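Labels run A, B, C and D following the written order; every chain starts at residue 1.
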Amino acid sequence: MTDSFFQLSANLASIAKGFHTRGWLLGTSGNLSAVVQRDPLRLAMSPSGIDKGELTPEQLLTIDENARIVSNHNGKPSDESLLHLRVVNDRGAGAVLHTHSIWNTILSDLYASDGGVKIEGYEMLKGLQGVRTHEHSEWLPIIENSQDMPALAEVVGKTLNEHKDAHGFLLRRHGLYSWGDTLAHAKRHIEILEFLLETMGRTSLIGKV
Amino acid sequence: MTDSFFQLSANLASIAKGFHTRGWLLGTSGNLSAVVQRDPLRLAMSPSGIDKGELTPEQLLTIDENARIVSNHNGKPSDESLLHLRVVNDRGAGAVLHTHSIWNTILSDLYASDGGVKIEGYEMLKGLQGVRTHEHSEWLPIIENSQDMPALAEVVGKTLNEHKDAHGFLLRRHGLYSWGDTLAHAKRHIEILEFLLETMGRTSLIGKV
Amino acid sequence: MTDSFFQLSANLASIAKGFHTRGWLLGTSGNLSAVVQRDPLRLAMSPSGIDKGELTPEQLLTIDENARIVSNHNGKPSDESLLHLRVVNDRGAGAVLHTHSIWNTILSDLYASDGGVKIEGYEMLKGLQGVRTHEHSEWLPIIENSQDMPALAEVVGKTLNEHKDAHGFLLRRHGLYSWGDTLAHAKRHIEILEFLLETMGRTSLIGKV
Amino acid sequence: MTDSFFQLSANLASIAKGFHTRGWLLGTSGNLSAVVQRDPLRLAMSPSGIDKGELTPEQLLTIDENARIVSNHNGKPSDESLLHLRVVNDRGAGAVLHTHSIWNTILSDLYASDGGVKIEGYEMLKGLQGVRTHEHSEWLPIIENSQDMPALAEVVGKTLNEHKDAHGFLLRRHGLYSWGDTLAHAKRHIEILEFLLETMGRTSLIGKV
């Protein structure tokens, strides 16, 4: 275990615990990854079926560019490793995080017929990498859910290509993916998008008193 | 106290604290159990009337197949021990958890006239044991609440028999029961069902903005 | 500082911290007390104007039956000490807790014209002292808010006399009072009533999906 | 680093962590400051782009009355330092806190056409400095959001001058500013205003059951 892998694993475990506390990774749902090295690619990846509130750095797996395990062979990588790898490759991301929150689940279904959620006019958007003003308009694409991971990875790749400015995407009735150059950026992006989805969901309900 | 009992008790106490923090076991409500051994049956069971946020491993009781205490004789087992035993016997469960959340209370009443809640099309369902796709349809039966525990245990047994695929059931205006082969599975099932009930409850409210 | 006072103070501080985390004591709101001895009466009381998330056992005051400080003379007892003393005297309570939650604030106003909130048919009610069935009907009286503490204490006394079975009362757009023979009972009662008020508030909003 | 600066920094970091846990400072949003000395002015200020859940006392910057860094030169002060300085100067505040909560974001937009939110009749208002009764009426001005900080600082100054009794203001679809003579007062004010905004937002939704 290299220093870099160990540090990333500790940070991934810490983020997993925090997100689990917020209810974004309940029931062993969701997964997290971070690039350990690029050439050849080595990705630290959360294992399948582990309680994210109890994830330890030692449980993180290393996978290669084909989602094969190259360390911790008694663990099983998440089925969604192919989606993480696609984001890493197509976006050059240094980390990819995937959450199952109540609000992202609801909005991924509510806006499915629109093909995505348009989020604009919020100061919080300025926290997304490259965004300089609240007047930014973010399009968060929604992809139909599927259990066929190679096929879904293709759709993800196509979506990333069509929406080159997107900082994340939703899988319908499933969850949110976001990423960043570093793990800290990816964490920030998830927090921002979760905040904005909840804000939009609740805004639809509110009136003056 | 055997190693196995001690470890299970520590895990039960840790889960109780976590669920209490989430507001699922307020006011000493709810209870938790795990099988220590099968033949004869010994069940580690949370005592009656204890703050679940303060539950210690030492407070866990051992009961037999007739809900009689076989250790910690100064504790009082929960009135609902009979329901736990029924689930352990009829499902072969290794652990049974029962939560009182705001959302399970509300939906147990809202859907009572339907006799249950149908939950389908969510990725989160895949976390239920034996479920392989989000296209799964889960039926969560609702049972009318009662203080007559032997009678209620009979209804629970009948319900488990009629709905052999169910991963849990609701007691009306009372709470959720779920279980698993192991305590970790039972915890995962509770988190998943709580998540899905809250998601369905909130979905009924939301519109686009 | 007697052992008893020290233990009660530590428990009061721990409850304060937990309730502050839940958002029930924000902004230095709310207060907590527990009887140290009866004759003459000595009540451990949270001081005025202290952040309840940071309350230490050393900050607890002792007051007598007239709300005069008998220890920690550099602290200032809460203005609402007279209400605590009234509950201690009229109910023989061993502890009194007062929370400002969002849901108790909302329902105290919504049901004000009815003079109280009727809560019935919930299993959670069984956690209230002396209640044996979910078929119990709890009347939670609502008292108009006032800054005239001696006058308000009189109204509280009258209300307690008129509703001898009540386990708590609401001050309109202000907060919830509950109590118990012991501090553990009082904490349990607060958790139960907060849970039920939130459940009722949210129930009014929900439909099937 | 003076003792005073170190203590203030530790307190700012502790408040940041607590508010981040509540979801009021997600995605590196928000910022916090406290006056270290008055003449010449030295303000401890949270740096730009730091995760508020991980903020350490060592990361706090010191800035002068023109928002120039006078310590920790490798940090970058928040763009909104000019707003903090304006509040410090115009109100004589000892600390200024700025949160991005879901509820303050929603209400800052919902009430924007009114120019502010009127909050009245809540006991919680009594926790605002100088307020003695729940019959108080608090006007929380709403200012249109902008990325032109010098211009926005001018509008803030004008607003503070027009509403000399206000304990805070909202930036539209952006967040809440509040302050106090001390950091403890500022924290209390934020908690109170966040509580009241959420209470008002939820009140608009609720009916009796």
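Here, a contact is a pair of C-beta atoms (placed from the backbone, for glycine too) under 8 Å apart; a residue touches a chain by one contact, two chains touch by 3 or more.
On a predicted model such as this, the values are computed, not experimentally measured, just so you know.
Between chain B and chain D, the least number of touching-chain steps is 2. On a Cα centroid basis, the chain most remote from chain B in this structure is D. Homomeric contact chain A/chain B is classed as different-residue, with under half of its interface positions used by both copies. When chain A is fitted to chain C on its Cα atoms, the angle of the rotation, on a 0 to 180 scale and to the nearest 5, is 180 degrees. Annotation: 43 Å between the Cα-based centres of chain A and chain C. Chain centres here are Cα averages; for chain B and chain C they lie 30 Å apart. Shared interface positions of chain C, i.e. residues touching 2 or more other chains, are given as 203, 205.
If the chains shown are joined wherever they touch, the resulting network closes on itself as one ring, and no chain has more or fewer than two partners. Taken pair by pair, the chains that touch are A-B, A-D, B-C, C-D.
For chain D in complex with chain C, the residues that touch the partner chain are 18, 22, 121-124, 127, 132-134, 184, 187-189, 191-192, 194-195, 198-199, 202-203, 205-209.
Within the complex formed with chain D, the residues of chain C that make contact are 23, 26-29, 51, 53, 100, 102-103, 105-107, 109-111, 145, 147, 171, 173-175, 200-201, 203-205.
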